[in-house]
Structure formats: C-alpha cells, structure tokens
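Letters A, B, C and D mark the chains in the order given here, with residues in each chain numbered from 1 onward.
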C-alpha cells in the first residue's frame, strides 16, 4: 500500500482526484496546502522542503491506514512535494472518497492534521531580503 | 457576485480549483458530490436533476456570502449540475480557499450542508428495473 | 374562475419535481380571488389535482422565499417548493 | 573514537533540516561505546557540535520511531528528528 507518496515534481490535483473515482463513493473531499506569499508578516519568495523519505512514506501510509480504520471511507491518498517550491504551488494534497460526506470530510481533516504533526518533512522559508530559515515546528 | 452557478455541462473540478489560486491562500478545501451506483440498496443507473434556477442561484450565492462572513476565508465557489447524470459524474462541487485550513474546511462543510437543505434543486433516481422517482427530501 | 373579473387576479404558477409530474405542467396561469395567499391557492388547486400535504412545502413569490400567508397581487409568480434533494 | 574496538560499535547518523546545517553533513559514521543509546550519543555529539536541546527532538533507529533509551547495535542508522513542519 503506497497511497502516501513524496515527489519532487509539481502536484497536479486533477490527476490525483481521478484516482478517487469510484461508483460506490458519493463524496470526495480534498485538501491542498499551498505555498503562501506571507508568513507572520514576512514576505516569502520560495520554500524548500526536505524529507526523511523512508520514514516519511512509512508514517504517511500509517496515517492513511488509520483514517481508513477510524472513518467509514473507501480510499485516502496523499502526496507531499519536496525540493524548491514557488509561491502558489501545492506542497501537499490529500484526497478521500467515501459513501457519504461526513466520513470524507472528517477523514480528510484527520489526514492533513496528522501529516503536519507526525511525518518527518521540514520546511525552509526563503525571504525577499535574502534571509532564510528552517521553520520551528510545534514539537 | 455569481460564485454559485448551475450548469448542464459536466463539472471539471480541475478547471474550478484553478480559480481558487491565490498567493495569500495557504489552504484549499474542496468537496465533490458524485452520483452513486446504489442508494438504499437499489441499483441506480442514472440521475436527473432539476432546478428552480433563478431562486437556486440566488440562494446559492447567499450561502456563499454567509460562508465568507462566518469563516475567515478568501473565496468560495460552487457549481451544481442539472439534467441527466451518469454514475460517477459530479453533481455538485464546492471549493474554498483561505489563509489556514481550519477556515477552509469549516466553510466548505458549511456550504455543502446548506446547499443540500436550502437550494431548490431536486433529484430523480432512475433504477435498473426501469422504475424511477423523485427523492423525498428531509423537508 | 367564473368570478367577476374585478374581484379576481391572474397569477402564474410554476411547478417543479414531483409537483410537475402531478400537475402535468411546468407552469400555468390561474385566476384567483383578490386577497388570495399561497394557502388559499393551494386549497383551490387541490380541487383540481391530487396534491401532497402542504406541510413540507416552501413558498416563493417572484423568486423570493415567502410565507403561506403572503397576499398575492396581479401577475405574481408563485412556486410551491418541495423539500430539496440536490447535492 | 579512540576506544578499544571490542568495546565500541559503529553507527550511522543521518541529519535533516536545521541539524544538517549545524553539523554540515547529511550523514556520518560514529564509533560509540557498546550499550550506547540515542541519549548518550546525543551527549557525545554535543561535544563536537552546538546542538539544540534534545527535548523537542524525536528518535528513529533503522527508519522506525524509537525512544531515547533504545540500546543501539552495530550498523544501526540513528536519526534525530526535529519538530516536523511539512504540509
């Protein structure tokens, strides 16, 4: 099961959502995390994401498995991008399909929340003034 | 403001999500409502959606306006399809962008919930046995 | 329909979904007594069609949600809205 | 590093994000005393680098999350995981 993947290519949500087409699923919920221009009032020009790939893929798939166990969903996918990203590009995409929307929404939310706290991926912001730094996680 | 629209053409979520690209938005949440093969154990072959278009567009835009007032989002879009739909086709699509995911998820959920109870659109199911009927709403 | 013209007005009625199947038409023009409201019009239509109980219907007049007691005026468009099932 | 070979083992350490910038390398091989755990290795590394407090770090050994007290064996790959900031 490799429903969680890490890529250095641009994320195309249109290609991903197609994988969730299922005649028994009435609901598809998706989330895209996008590189923003500002973070805490500092102007960002670019982001760099680094992953501890082996463990990230393992933990990501564990989270998707948990979502399938805890919610009445059919499938859950997640792709996280690494490398250099520009403003407006998608850093992470989550998609979930289910018979009904309640499960789809809750599972999608669960996956992105867990990804953001458990999967070993780090973000470095590069600012317009040339400064840069690895973000401080919540720990 | 016509962020809510009704169409008789297939809904292409890839074209819609592009409209939510915004350098200040770190989060995009979407929901697709899809025609399912089964409803309450009866096998469905096709659906027919009918709308009271003028009021539906008015009420749909009202809901999107409420979402913008109640949640810290930037934009919200919704397209509802009418006419004959096949299994697997998208009947309704909702997309919301925001600085943060909390607002995006909550607003997206609010919009689809309100659309389903307030917007004058009706669904007729056509079953494999040739039978058909307008669904009974919750009223 | 046979009343004195000065005591009646013409309104337009639109039907959707199950109501359209029951009445067999998408819209019709109806002559109703001056002072009619959606409630009295529904009763009047019930003589002609086998309509469902009005309890679960909503009302729109001229594309705005209204109450069953809103007084109708000439050329108003009245819609009885069945419970919605979109999405 | 200068200990008797029979009393020490070689482990591999991988660094990510801020830790990679502090150490200046993505991975290195380290000779540590038999019976070492991530806690003692971190103390040992702290003599060499100006590392952050270990309080907010997590540990992986051979690509599995582990505790600071897990005993290391020869050729283990150890990773100190800074608070994650993906998504």
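By our rule, a contact is a pair of C-beta atoms (placed from the backbone, for glycine too) under 8 Å apart; a residue touches a chain by one contact, two chains touch by 3 or more.
All values reported here derive from a predicted model rather than from experimental measurement.
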Looking at C-alpha means, what's the farthest chain from subunit B?
D
Separation of the C-alpha centres, subunit B versus subunit C, in whole Å, is 28
Cα centroid separation between subunit B and subunit D, in whole Å?
51
Subunit A to subunit B, mean C-alpha position gap in Å, rounds to 24
As a quick test, compute the distance in whole Å between the mean CA positions of subunit C and subunit D.
77
Residues of subunit A touching at least two other chains
33, 112
Give the residues of subunit D touching no fewer than two other chains, as numbers and ranges.
none
Pairwise chain contacts under the document criterion:
A-B, A-D, B-C
Write out the stretch or stretches of subunit A touching subunit B in their complex.
13-14, 17, 21-38, 87-88, 99, 101, 104-105, 108-109, 112
Per the touch rule, the subunit A residues reaching subunit D in their complex are 33, 49-52, 54-56, 58-59, 80, 91-92, 112, 115-124, 134-139
Complex contact set, residues of subunit D against subunit A
14, 16-18, 20-21, 55-56, 60, 63-65, 79, 81-87
